[in-house]
Structures are given as structure tokens and as C-alpha cells.
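This structure is in C-alpha cells; I'll ask about it shortly.
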Amino acid sequence: MYRFLLAVLRRDLTLAARRRGDWLIAQFFFVMVASLFPLGVGPEPAMLARIGPGVLWVAATLASLLSLSRLFADDHRDGSLEHMVLSPEPTVLLVLGKSLAHWLIYGIPLLLIAPVLGLQFNLSWEAILVLDLSLLLGTPILSLLGGVGAALTLGLRGGGVLLTLLILPLYVPALIFGAGAVDGVMAGTGAEAHLSLLGAFFVLSLMIAPWIAAAALRVSLE
Amino acid sequence: MNLYTYASPANFYTLAGRLIPWFAWGAGILTLWGLYIAFFLAPTDFQQSEAYRIIFIHVPAAWMSMFIYLVMAFWGAIGLAFNTRLSFMMARALAPTGAMFTFVALWTGAWWGKPMWGAWWVWDARLTSELILLFLYVGIIALWAAIDDIKRGDRAGSLLTLIGSINVPIIYFSVKWWNTLHQGASVSVTKAPSMAAIMLQGMLILSIAAWLYTIAVVLVRVRRIILERERQTEWVKALLEKES
Amino acid sequence: MPDALLSVHDLACARGDRLLFKGMNFALNSGELLLVQGGNGQGKTSLLRLLTGLSSPEEGEVRWRGEPIRGQREAYHAEMVYLGHANGVKDDLNPVENLRFADGLQGRAFDEARAIVTLERLGLSRCLDLPCRVLSFGQRRRVALSALLLAGAILWILDEPLTGLDIHAVALMEGLIRDHLSAGGMVVATTHQALNLEGVIVQRLLVGNVAIPELAVD
């Protein structure tokens, strides 16, 4: 079981390492979306600090959606997805492994970039720390729920846009608790409550999303 | 296998055909009665004057929008578990009505909001949840539209409704939580002190009317879906010949 | 029939609202080859996908060792290997890496020496460290065939295994199938091309209702 999970992880990480272009695009997308906001609303530091957490969280969800449309699509095109589904191991593990790999490849870099963007948005160090904590708990949720969307839209016309339409509403709690945590620490009310709720939502997603995604994957391959 | 008699589309088609007029008439009569209460019997509200009467439509629509989503999830789950064709057809037939009620709830919410808050749109917890619910409905309808294969569409839509229905309470809770933190405007209808018994009665009657309307419309739609999907079978061919 | 390894009972398959076939029955034992024949769009690939368990039948069931495959997905997949139209070969990896990950995903330990021997046997000795992106279609197909051999499964399900292969590769493929059958394996395959399979028990199954000219099998 662990060997299979590890094999899926190692495979996706190797493939991502061979295609750094795709990887860089997603990270730059995050930076660009976040950078457009000051241009749109003006450079006043107090206002930027006010909207910063929300903007960075929205940008993170969009960046993760951008890469999620390819979570299964590449493997579907060359037939390796069928081989993986036909392996003697449960499909749930496959989905879990691929979501985990997606998080390692696309989620972790967001944690590293977010502090820099936080400085641009005039956030305090304390707020930046909480922002990273909230992203640490929240980005796996994006990968897990996104896996459901990627499996449902596999091989459909305009699958990428459809994926966004299906999955963004499901991201709402993560967005509210995540951005709320940073707001809370900035307003002096503390971030613990938000972070605990975010953690609970993560655990729930971890328990439910892979099963639904596995079922969706089998439906889409039929 | 008595239980399954009406799970067969052919039998259900006939049964639904017989039931539709009853539900349709029931819905019509109750709507008229409810509206009569709403506009003539219910007293003018002390604080909100006549504008409050929109809640007679807003509240039943909002209730329906959420119920229908859960009913869709229920039929989807039944379909996935027991592989019954009719359940998937029910789920598909419910979605447009659910989206319609969500839209009505949003629209009447805006109408009500203008005299109440002085703005067409306020990020009130209830309205925001309705907006996200509308997104969920749109997502499911878009997914069905994108999938040509009936079997795949049925299952994929049901899985999406299922994860959506687990998420809906969390979304609702998170939006409420967000709303209290940001001290947004919020007016509770059901806790209004001036809520007279006659108002509650009117709202209940209109809710029942909305239910009957939903059932009638869904049955009409299911009948259409049955004909479309079973057009290769003998009974549909015989039926069409008889009618033409 | 009861002791057949693979058997199919009253199978029906529909695509959209078109019934491709129904009431299909057959049984296959070790050492036997089943050639699935029929015109384009008659449901050959659909049948193979039903046999793998990727899709589920409208009616009837597929049984492996007497039990429906539905209830023993993992055990069945450990003894079955499927090669479809797509090779399942990653373009960014070289052949050896491809086999390594294929083994990992099947939950097996990877034996690099054996993988290299297999690749060389299939005529890929000069391509071992090239990314599969630069290989020709036929060479990529050979990588997929190497994975098939290394899987060590009893039942091979092959969808048009000869497409895009040159004469040598076709001969090689015939040899592989013969070896596999004589070692007690089983093969279900679709093909448009003639196969030279002396001394092999061949069952033929016509899918669909359009009569097609008899294929030369011997």
C-alpha cells in the first residue's frame, strides 16, 4: 500500500521535474494575479494591508485551479491513467497520491512565494506567518477538492473552465477561514479559531474527497 | 418486487401522467390562497411597511432552493448505490427548478433589500449563501451539458451533488461566520417580533404550493426524459404511435 | 465451462442508446487465444474494456476463476494486463524509467537487469537512455510490450497490438503470444491483421452484426 502511494508520488514528482516550464507558469500566475490588485485599487499601504490576505488567498485558489486541470488529463491522453486504474491497488490510493503530489509540486511553492507577496501588500511579519500557516493547512484542501473536479471533467470539451466553475464554490470555506485567520491576527482577535476550523475542513476533505474523486475517475474512464 | 414496480420508467410514466394534474391544480389553488393572505389578510408591518410582503415569496423560494439541492443529492446517492435509472432522471429533472428558486430568492432578496438597507445587494449571510448555492446549481447543469454520454453524465452529476451537499452546510456556516466577523447587515425574518400567526400561515401555504409546483414540474420533466431515453423501447414506440 | 478461468455470461453492452451486442457467452482457458473480430464501431474495444473491468456491462457479468470480477477487482487486476490503443508510455521518461514506474504502480519490486534484458529482447538496446519522446511510434509500442511481459500476468487483453508495427515486430509479437500461451497464459486480442499462430488453440468471436470476410489465422 505504502509502496504504491510512494510510487505514484515519485512518478509525478519525476515527471514534474522533467517539465519545469509547466511548473513555473503556475507560480508566475500566482505572482501576477496578486500583483494586478495594487494596480487596480491603488498603492495606498493601509488599504493594501486590508485587502492583502483575501487577495493572496484568492490568487492561491486560482493558481491551484490552473494546474489542477492537468492532474489526470496528461496521463489520460497517453493511456497511463488506465494502466494505473487497472493496477491491483485501490483507486482511492491513486487519487490520494496524485493529490498529494499536486500539493507538493504546486502548493508548497505558494508557501514560499506568499511571504514575498505579503511584504508587497504591507503585511506585518506576524500576519505573514499566519498567512503561511493558513496556506499550509488550506492548500492541501485545494488539491484534494480539485482532484474531484479534475476527475469529473476528465476529457471534456473546455474541461479547464468547467473545472473552475464546479470547484470554486466548494473552496469558499477554505477561503473564508484562511483569509479570516490573517484578518483575525491583524485585528488583534487571534487566528486560532480560524485555523482550527480550517484544520477541521482539511481533515474532512481528506476523508471524503479521495473517495468521491476515485468514483468520479472510474465514471469518467468508462 | 412490488417496491420496484414504479421504479420502472414505463410504469412511472403512466403514474406520473395521472398525478400531474392533481399537483398542478393543488399548486395553483394554494398559490392563489397564499397570495391572498400575503397581500390582503396579513397586516402591514410596523417597521417595514408594505415592502416586507416580498418575504412571502422570498422565504419559500429560499427554503425550496436548499431542499431541492438535498433532494437531488438524495436521488443521486440512491442512483449510485442501487443503479436505478429513474433516480438519475429525478435528479436531472430537479436541477432547473432548484436553480430557478435560487434565482427567485436572490431576486426577491434584492427587491426587499432596496427599501430595507437602501442597496440592491448587501453581503448578508443568507443572500451570500444563496449566491453560492446558485453557483453550485450552475456547475451541475454545466457539467451535464458538457457530458454527452447519458450514463457518465448521470453518475458524474450525482457525485458532484453529493460532495456539494456535504459542503453546503459547511459553506453556510462559514459564510455566517464570515458575516458576523465583518459585521454585515443582517435582518432575521423568522425572528421578527411582529411576526403574526397569519403571516406564518401565509408563508407555510406558499411553501406547500411551491412543493406541489416543484413536484408537478419535475414529473412533467421526468416524463419527457423517460420518453427521450427509452425511445428505442417497444412501449415508447407503441405509445407514440397511439398518440400520433 | 465451470472450470474456465475467464468466462462471460449473457453480456450486453450499449453505447449511448445503441445496443452493441447482447447475450454474449464464451469461456477461455489457459493456453487459449480469443480473437475478437468485427468491423469498426461494432464494439470490439467496448468488449475488451468490459473484460478489463474499466467499464461495467449493461447486463450479464464477466467472471474470473468462477467469481464475478466486480467483487474481486484487486485480485483480478493482479493477474490481468491490458494494452489499449494508447501505450501508457510517458514521453518524458526513458524506457527503463517507464518500466520502473509501471512496476511500482503494479505494486511490484523493480528488477532493473530483467527490464533491460526484456527491452533488448524487443530490439530497444540502443534507446535505453533516450526519452520516449524521441522514439518512433513502433518503438514506443515495443516499450509498452516490454511492460506487458514484465507484468507477469496470466491474462493479456490486447487492443490492436499490431498497429504501427513493422514486419519484424509483428513476427516478434506472434512469438511472444505463442510463448505466453504455451506457458499456460491466455490472450484476448482484437486485430485487423493476419496472425501466424501455428499450434495455438484459437477461438474466434464475431462482435456486431455485420459479416466480415474470414481472417486468415493459420
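Just so it is clear, A, B and C label the chains in written order, and each chain counts residues from 1 on its own.
Convention: contacts are C-beta pairs under 8 Å (C-beta built on N, C-alpha and C of every residue); 3 or more make two chains touch, one makes a residue touch a chain.
Quick caveat: nothing in here was measured; it's all calculated off a predicted structure.
When each chain is reduced to the mean of its CA atoms, the one lying nearest the mean of all protein CA atoms is A.
When the interfaces A-C and B-C are ranked by how many C-beta pairs touch across them, A-C comes first.
Taking each chain's centre as the mean of its CA atoms, B is the chain most distant from chain C.
The distance from the centre of chain A to the centre of chain B, with each centre set as the mean of the Cα atoms, comes to 32 Å. Here the spacing of chain A and chain C, counted between their Cα centres, is 37 Å.
For the pair chain B and chain C, the distance between mean C-alpha positions equals 48 Å. Under the contact definition stated at the top, not a single residue of chain B touches 2 or more other chains.
Residues of chain A in contact with two or more other chains: 222.
For chain C in complex with chain A, the residues that touch the partner chain are 49, 52-56, 74-75, 77-78, 80-82, 84-93, 97, 101-102, 104-107, 131. Contacts from chain B toward chain A in the complex involve residues 80, 132, 135-136, 138-140, 142-143, 146-147, 151-152, 155-156, 159-160, 162-164, 166-167, 170-171, 173-175, 177-178, 181. Note for the complex: chain A touches chain C at residues 3-4, 6-8, 10-11, 14-15, 18-19, 77-80, 82-90, 218, 221-222. Residue ranges of chain B in contact with chain C, taken from their complex: 148-150, 229, 231-232.
Residues 145, 148, 152-153, 156-159, 162, 165-166, 168-170, 172-173, 176-177, 180, 183-184, 197, 201, 204, 208-209, 212, 215-216, 219-220, 222 of chain A touch chain B in their complex.
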